[in-house]
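Labels run A, B and C following the written order; every chain starts at residue 1.
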Amino acid sequence: MSLVSRLESLGLVLPDPPTAVAAYVPALLSGPWCFTSGQLPLKDGTLMAVGRVGAEVDPDAAYAACRQCALNAVSVAAWASGGLERLLRVVKVVGFVQSDDNFHGQPQVVNGASDLLESLFESQGRHARSAVGINALPLNAAVEVEVIFEVAR
Amino acid sequence: MSLVSRLESLGLVLPDPPTAVAAYVPALLSGPWCFTSGQLPLKDGTLMAVGRVGAEVDPDAAYAACRQCALNAVSVAAWASGGLERLLRVVKVVGFVQSDDNFHGQPQVVNGASDLLESLFESQGRHARSAVGINALPLNAAVEVEVIFEVAR
Amino acid sequence: MSLVSRLESLGLVLPDPPTAVAAYVPALLSGPWCFTSGQLPLKDGTLMAVGRVGAEVDPDAAYAACRQCALNAVSVAAWASGGLERLLRVVKVVGFVQSDDNFHGQPQVVNGASDLLESLFESQGRHARSAVGINALPLNAAVEVEVIFEVAR
């Protein structure tokens, strides 16, 4: 099944890629890789989760927010790569979780991104990953996720 | 205009690359990329900004410090790559901002690095980027920036 | 001397690679690189150092924990690459140190990883590196380390 069909069958809609607003871009091709910028859990222009996980944000809401970050990463990577079907494989994910000092469940939160990518890319969706806590993220977002994809040339 | 001329016209002077003092090196070539180590805002041997942004350090000073980190990254990448003119393009920037728990303007701070790179590399200076807060950086530096460049072989 | 012999002469035993338990994998090959997931200081199934460095964990214990993270990274990279002898070179290390807000000795802590890699890979063990503090890591681990290796195809 194509990635486009799989998106549909999962009931997922790719968000529009954000327009670049600065010296950096949402995603960039270099060699056979597409590097995304750190993606916030923006959905229809609004952050899905604001605050620290383990305090104002519960882990389930943060999991859903990571899922949105990963969907945004797919969107910007497809935009930079010339279409969704050029994304061959997920290589690497880094998940930054804005965490209360005593919250240590970052892996379960970042699974939101990993599970989305595996459901979409199947066996080509498995990736290396780091998950860490962060004391303060941009816009007080609960999570931020960056992804490296392998891309067809 | 060459990179060397552009540096001059911008009134910028590349700092001397630091000597390696440990098992790690300031920058390393692998394939067509040059990976820099995390650069602190050292200028003439002194940190330009010490403390947490949003508390002891204001965002403008942190922006200037990020600019210096990026200049240091260009310097070590040129050193590792065999000269400034071998740096073809900026690929990826990660900006770590030592932040007060309630400071969420990391993107504006890391723009100091992004703007410097774009002014120097022009259209080849646009890059993917992540900007995150950090509770404690080496030497109490306000910011740390790492960069991946694409390099001529 | 081969890597296998060098391990022996250093009195090091590679841990068994962990089994993948999620949508992500311990390490992944892409092009000539092997990307490891963030490695915790697990030894025989137990974390070697738990808590914040500069508070509950002293820097020497954190140094030893980083050494273990690096050994775990070598193990998973060898597993993903088809054997230890396929690992040609260390490219990049990121060391995340769960730090008290007032601890700024992250470089000395992450030297535990860098020194292990240099003792094992010798001149091919020198790498680019970033070392940062983190307010909260998975499982309350004191350190987490990820590595990129260059691999024989």
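Heads up, the rule we're going with is that a contact is a pair of C-beta atoms (placed from the backbone, for glycine too) under 8 Å apart; a residue touches a chain by one contact, two chains touch by 3 or more.
All values derive from a computational prediction rather than experimental measurement.
Chemist: Over half of the interface residue numbers used by both chain B and chain C, so same, or under half, so different?
Modeler: Since fewer than half of the residue numbers are used by both chains, the interface counts as different.
Chemist: Quick one: how far do you have to rotate chain A to sit on chain B, C-alpha fit, nearest 5 degrees?
Modeler: Rotation angle, to the nearest 5: 120 degrees.
Chemist: Just curious, how far off is chain C from chain B if you go by their C-alpha centres, in Å?
Modeler: Comparing mean C-alpha positions, chain C is 25 Å from chain B.
Chemist: Residues touching two or more other chains, restricted to chain A: which are they?
Modeler: 31, 134-135
Chemist: For a test of understanding, state which residues of chain C touch chain A in their complex under the given definition.
Modeler: Those residues of chain C that touch chain A are 20, 22-28, 30-31, 35-38, 94, 96, 98, 134-140, 144, 146.
Chemist: For a test of understanding, state which residues of chain C touch chain B in their complex under the given definition.
Modeler: Against chain B, chain C makes touches at 31-33, 54, 89, 91-93, 99-107, 111, 114-115, 117-118, 125-135, 148, 150.
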